[in-house]
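Encoded as C-alpha cells, the structure appears first; notes follow it.
The chains carry the letters A, B, C and D, assigned in the order they are written, with residues numbered from 1 in each.
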Amino acid sequence: MAKLRVGMIGGGGPGNFFGMVHTRAISIDASRELVAGALRSDAKAALRAAKDYGIQGFGSYQDMIAAVQSGDIALDYVTIVTPNFAHYDPAKACLQAGIPVLCEKPMTMTVAEAQDLARIAKRKKVPFVLAHTYTGHPMMMMAKEMVRNGDIGEVRKVEAWYNQGWLATDLEKSGQQQAAWRTDPKRTGISNCGGDIGTHAFVAATWVSGLAVKKVSARLNTFVKGRVLDDDFNVIGEMENGATAIITATQIAIGYKNDNGFRIYGTKGSLEWHQEAAEKLLVRRGEHDETYWIGTGVEPESVGSYLRVPAGHHEDFFEALANLHTTIERLIRKKNGEKGVPEAFDHPGVDEGVAGMKFVKAAVESSKKKGAWTRL
Amino acid sequence: MAKLRVGMIGGGGPGNFFGMVHTRAISIDASRELVAGALRSDAKAALRAAKDYGIQGFGSYQDMIAAVQSGDIALDYVTIVTPNFAHYDPAKACLQAGIPVLCEKPMTMTVAEAQDLARIAKRKKVPFVLAHTYTGHPMMMMAKEMVRNGDIGEVRKVEAWYNQGWLATDLEKSGQQQAAWRTDPKRTGISNCGGDIGTHAFVAATWVSGLAVKKVSARLNTFVKGRVLDDDFNVIGEMENGATAIITATQIAIGYKNDNGFRIYGTKGSLEWHQEAAEKLLVRRGEHDETYWIGTGVEPESVGSYLRVPAGHHEDFFEALANLHTTIERLIRKKNGEKGVPEAFDHPGVDEGVAGMKFVKAAVESSKKKGAWTRL
Amino acid sequence: MAKLRVGMIGGGGPGNFFGMVHTRAISIDASRELVAGALRSDAKAALRAAKDYGIQGFGSYQDMIAAVQSGDIALDYVTIVTPNFAHYDPAKACLQAGIPVLCEKPMTMTVAEAQDLARIAKRKKVPFVLAHTYTGHPMMMMAKEMVRNGDIGEVRKVEAWYNQGWLATDLEKSGQQQAAWRTDPKRTGISNCGGDIGTHAFVAATWVSGLAVKKVSARLNTFVKGRVLDDDFNVIGEMENGATAIITATQIAIGYKNDNGFRIYGTKGSLEWHQEAAEKLLVRRGEHDETYWIGTGVEPESVGSYLRVPAGHHEDFFEALANLHTTIERLIRKKNGEKGVPEAFDHPGVDEGVAGMKFVKAAVESSKKKGAWTRL
Amino acid sequence: MAKLRVGMIGGGGPGNFFGMVHTRAISIDASRELVAGALRSDAKAALRAAKDYGIQGFGSYQDMIAAVQSGDIALDYVTIVTPNFAHYDPAKACLQAGIPVLCEKPMTMTVAEAQDLARIAKRKKVPFVLAHTYTGHPMMMMAKEMVRNGDIGEVRKVEAWYNQGWLATDLEKSGQQQAAWRTDPKRTGISNCGGDIGTHAFVAATWVSGLAVKKVSARLNTFVKGRVLDDDFNVIGEMENGATAIITATQIAIGYKNDNGFRIYGTKGSLEWHQEAAEKLLVRRGEHDETYWIGTGVEPESVGSYLRVPAGHHEDFFEALANLHTTIERLIRKKNGEKGVPEAFDHPGVDEGVAGMKFVKAAVESSKKKGAWTRL
C-alpha cells in the first residue's frame, strides 16, 4: 500500500500552531506523508519554511496546484491550514483541479463562499473533509453511532458548549498572533467566538445528533473593551424534529482551556462527552451511570477500525485529527479503486461547512435583532 | 440555651417526602425541636398524622396559629411544607400573627402574593426564610462570600442549571403524588419545570452572584404528550450590571437526578459548583485549578460557624436544609435579644421569593412571545 | 411507635467531636431520643455537661446504670463515645446489666478485653453494635450484599486504605486534644494509626468481603520525631479463602482528609468505593464501568429500608452513623417483640470488634519481627 | 536539521502492537524517521515485514548492525521492541557497535545481563534509553522536577500501583500472543506481573522520587490455575532515606485497564498522578487541592520543551513514548555536537534498568521466603 502524498497550504508562519499539528497528524500513521507545501503567503518566506519542514516548497498555492496539473509533482490531497479568510480561494482552486481537500474550519468567511465550495466538490465528486478535529475522537464517533442506532431513542434536547478563558483580557493588543487574527473581522469574518469555537459546539450538537438546526435565537456579547467582535456566544436553536439545542461558547471563562462537550437527551437515555476527558462517553439510561471506554470492543467496526491502541492507553488530540486524515485517505483510496479499504466514517464535509456558516450568520443577525428567531 | 419550638404546616400526607426532610433538619441540631403541626388539610387526617409524628396536632393551621396567639402553645417559628398553592395563605397568617416562617419554595403561586408576603414580613419585621435548600450548602455560601469579597472580580457571565430525568415519561398519570401536583396548574402555578427547579437555578445565578436579573428571553418546552405545563425551561437573562445569565432546567434528562449547579465567570477568576458533589467548590484563576473543601479553615467565620464536622467527612442534603433552620434560628434568637448568637447568613428570604416569582412569570410570558425580551 | 430512649457515656468534654456527632445521629430519625448521659469522667463536669446537652445527667456511668437497674430511669440502649481506653469498663457494665450498647471503635485496648465483651454479649444475648461509621454508608452495605450474592464471584484480592494528613507534624505537642489522646499509648493502646484508622480499612476489607484475615505481615512506621506510636501502618494479609488483602493507613499524607476506601477484585468483577464520594459504588465487570447511585431502586430491601432520600440528594456522614443507630434500634425492637420492624443489617458487632483487636495486635507484633507472618 | 535515521529490531510479528506504537512515536515528530528494520527472528518473515513497513529490511539484527558498521546504511539509533528474552543480545550488539539504543522494558531477563549492558553503555558512552513509556508523560516529568526542587519536602512514603484485569482468566491458553509470551518463563523471565507492570510501578516510585529502594518484603500470587508465574505482585520496600514504598501490581482486577499511578507523600506536601488521566497532576499542600495541567506555563523549561500543544488539548500515550524518542534524539544530537539542542530530560536508562531487574529478582526471592526482607 503506497503512502498517500500530502501537500499543505499555510502553516509555515512563526508560531503557526496548526501547521505542526497537521504535520504530526499526517505522519502518525505510516500510510501518509507530507511532501510539499505552499506554507506562507509571501513566496520567499514560503520557500524558506518548506526547507525547514524538509518538503518541496512552492511560492504560492497556485504554483503548487499548477505543478500537480502539469505532472511535475503528484499529490493525493491537500490540507489547508491558513486563517479563516484564506480558506476559500485555495480550497476552490484545489477542488476545481480535482485535488481532494482537508480544510480547517470554519470553512469560509461567508455562506455564499461555503455554498460555492459545496457545489464544486459535489459536481466534481472530489473528497472534502472539514477539520472539526473533535469529531475525530472515537467517543464522539461512538456517540453519533449510538444516536443513529436509536440507542437513546428520539432526541429531545441537545446541549453543546465550548468554554475558554484565554481572551478574558485584550490579549490581541499584546501582539499575540492567534488572538490578533481571530479578533480581526477582516481575517476572521463576522464572528470571533461563534466562528472559532461556537462552530465546534454547533457541530457537536448537529453532527452527533444527526439533526439540523432550523432557526436560532441568539445573544452575543463583547465583554472586553475595545474588541469589535463577540467574545461570548449564546444560542437557543430549534432542530428539525422539534428538539431544542442550547449552544454556548465563551472566551472569557478564566481558567477553562478547551472545555468543549455535549449532552444529548433522548426518549430512552442520555449521552454526555467532554473534550478534556475525550476517551470516555457517559451513557445514562436510568438506574446506573455507565462509562464507556474506547478500545474495549464495545464499539462498532465503523469506530473500531480507527483505533490504534486497546482500552486504557488513551489516544487524544493528535490522533483525533489524524482520524480525519484517515477519513479523507479512505475516501481517496476507495475512489482510486484500492481493495480492502475500510469504510470511511461520515465526518464533517461540505454540508456541515455550509451549515456552520449559516449558523454563525443567523446567530449574528438574531443577536442584532434582540434575539429574534432567525432561520438558517 | 433553650430549644426553639417549631411548628409545621403540611408534611403529613402519605409519602410526603418533605415533611420528614424538615423534621430531620430541625432535629439534627440540638437547639430546636418540632413540637406541633397542622400536617394535612383534612382535620382528622391532620390529627392522626401528628400522633404518628409524636407531636401536638392541630386540625388546621388556623387552629395552630390561634393556639399560639391565645398562649395555649408556644412556637418560635413555623415551617411550611405544603405544595406550592398552599404556601401563601398559611404564610400570610403566620406573618400577620408575628410568627417567623421558614417556607418551602417557590414562595407563592403569583407575584402579587409574593409581594404581599414581603410587605407584611417587612412591615412587621418578622423573620422569613425561603427554603432554597441548596443555598444551605456551605460551599454555596462560600461562593457567595468569594464573589462578595471580589475574589473573582466583576461578574461577566453566570451559568446555572438543574437537570432531572424523572419526568421524561408521563409519570403523573401513574398516580405518583409528587409528579401529580407538580404538573397540575392548579396546585403548582403557571410553570412546572421552571417553578420547581428553574427557581433553584435562578437562585444560584442571582443569590450567589449578588446580581439581579433585569429581563429575560425564554423558551419553554413540553416534551411529554398530554402534559399541560413546561417540562423543559431555558432562559437567557440580562443582569443588572450587564452580565449575561444562562439559566436552564429540564425534567427529561434521563439518568440525571439532581444535577443542579452553577458557574460564575468574573474578570479575575471563575467559580463552579455541583449539587451532587456539594462539598467541593472549584476555583479557577488561571494556571492551576483549585478545589476547595469545606472545613479546612479556609472559609470565613460567616460560613465556618455553620459547619458540624471538619474536612473530609461530608455534610450534605439534610445538613444544608438544617443550615436554613439555623439561619432562622439565629434571626429569632438575635431578635429575642439572646447574647452570643453568631451572625445569621443572608440566606434567601422574601426578596428572593418575589424575584423568583417574577422570574418565572417573565419567562413564561417571554416564551409565549417567542422569546421576546421581558422585564422582571 | 414509642421513641427509643438513649443514654450516652462520654462525649461531654470540651471539643469532644464525637459526642455531638452521635447526638445528631440519634436525633436525625424521629424514632430515638437522647435522654441521659454520664458525659465526663469528673462527676461535677459530667453533670454540667448534661445540663448543657439538656438531658438528665449522671456523675458516672455506674450511677447511670444503677439508675436503670433501680427503675429510676428507662434506657433502651447506651452509646459509648469515650476515648479507646475507656470503652471496656462501661461496655462491660452495660452488657452485664443487660443494656444494649453502641460502642465507638476500636472496641477495647486489648484482645482479652474484646473477647470478654463478646462472651458477655453473647451469653446474655444483648445487642451490641460497633460504631464503624462508614459501614453505615448505604453503598458500603450495597457492596457487602453484592459480594454475598456472588455478583463479583470468588474474592481474590482486597485493597483497603485510609489516608490522612493531619498528624504529619507533631500536632499533639500543641495541646490539640484529638491528637493528644490518640498518640498516647495509655489512652489509645498499642497502636495509633493502626487502631484509629487502620481498623477502618480492616473492617472495609473483611466486613464487605465477608472474609476473615488469618495472618499478616506488617510494617509500621513512626515518621514524626518524638512520637511513640505508629503514624503509618502497612499490612499484607492472607484471608481465609487464600485471597490477599493489602491494608494500609497513614496519617502523614498531607492534604488528604478522610481518604478511606476499598477495592475488591473477584473472579467475575470488581467493586470500588471511596468514603469521600460515599454515595457512589463503582462496579466493573469488563467492558463498561458502572456507577451505582444510592436510592435508584437498584438496592435490595436490606439496604433500601435504610434510605431517607431518593437518588441525587446525598446522605453522608451523619446519616451513615445514624444507620448504625437504626441497626441497634431494630435489634432492640425485634427483641422487644415489636411487629413490622424491618430486618437489621448485619453491621459490625462484637465479633468484628474482637477481630479488629487481634488484627492490630498481630500487625504490631509482625512489624516488630520485621514483617514475619503472624496469625490473628 | 537533518532527520535522525532509526532502525527497529522486532516489532514485525502478527499483531505486534509495540512495533506500530514505536513507529508512530518516531514519526509524530518531524525530526526522526524509521528507515530500516530487522523486524522478526525468521529472516524471510523479517524481510517481508520490512516491505510492509516500507523500510529497508534485514534478515537479522546482526545483518543490520553489520550494514551500519560497513557503511552500507546510516542509522542514528536503534529501537528494540522484541519480547523480554530477546532484548539483551541485540542491545549488547548495538552498544558494542556504538549504536545508541532505545530499548523496551524490562531491560533483560537477568540482573547479570542488565549489569552487562550498563557496563558496556557506560564504557563506550553510548546513549541508552529504557522505554518506560509513562515517564514520558509531561506530568510525570513535572512530578520528578517538583520532588527534585523540594516542593513537597523530604519524601516519607511512596505508593505506586498498576492494576489490570486482562489476565483474570487463562487467556494464554486461547493462543492470544501477548498473553502467551508474558506468562511463559522462557520468554518473559522469572516474573510475569512483576516484570511486565510491577516494573512500571517501581519506576514510578523510584524515578519520580529520586530515591532507590534498598530492600523489599514481597508477596506474589498466582490466582489463575495452570499459570506458572505470578499474576499478582505486592511489595513493601524500604527506600534509601528510610521512606516506605508500597508497590503493587495485579493482572486480575477485572475491568481495570492500565490503572497505573503513584502518590508521593513528603514533609511539605503530596503528589498524585494517574496514567489514565495523565494530563493532570494533583498537588496537595494542605487546605485546597490543586490540579496542575500541562501546558499552562507553570512547568519548567525542562518539561515545557517537550510539549507539543498548549493546555486543554491533551497529549497522551503516543506522545509520551515519542518524548522518550526525543530524549535519545537530544542525547545523540548533543553528542554529535549539534548546537541549540535543548537539554535532554533524565529519563530512565541503564541504571534504572539494572535497578528494575534487581527489584524483580529480590521480590521473587522474598516471596519464596515468606516475605523475608531481601536486599536489592
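In this section, contacts are C-beta pairs under 8 Å (C-beta built on N, C-alpha and C of every residue); 3 or more make two chains touch, one makes a residue touch a chain.
For clarity, every value in this text was computed on a predicted model and none was experimentally measured.
C-beta contact counts were set side by side for A-B and A-C; A-B has more. Centroid analysis (C-alpha atoms only) places A farthest from subunit C.
Taking each chain's centre as the mean of its C-alpha atoms, subunit A lies 43 Å from subunit B. With each centre defined as the average position of its C-alpha atoms, the distance from subunit A to subunit D rounds to 35 Å. Subunit A and subunit C have centres, each the mean of its CA atoms, that are 55 Å apart. Multi-chain contact residues of subunit C, defined as those touching 2 or more other chains: 256, 286, 289, 293, 296. Chain-to-chain contact here is organised exhaustively, every possible pair of chains being in touch. Across the complex, subunit B is touched by residues 283, 286-293, 296-298 of subunit D.
The touching residues of subunit B, counted against subunit A in their complex, run 152, 156-157, 159, 165, 168, 217, 219, 221, 223, 232, 234, 236, 244, 246, 248, 250, 252-256, 263, 265-270, 284-286, 289, 370-373.
Here subunit B touches subunit C in the complex through residues 3, 17, 20-21, 23-24, 27-30, 53-54, 164, 256-259, 276-278, 293, 296, 308-319, going by the rule given at the top.
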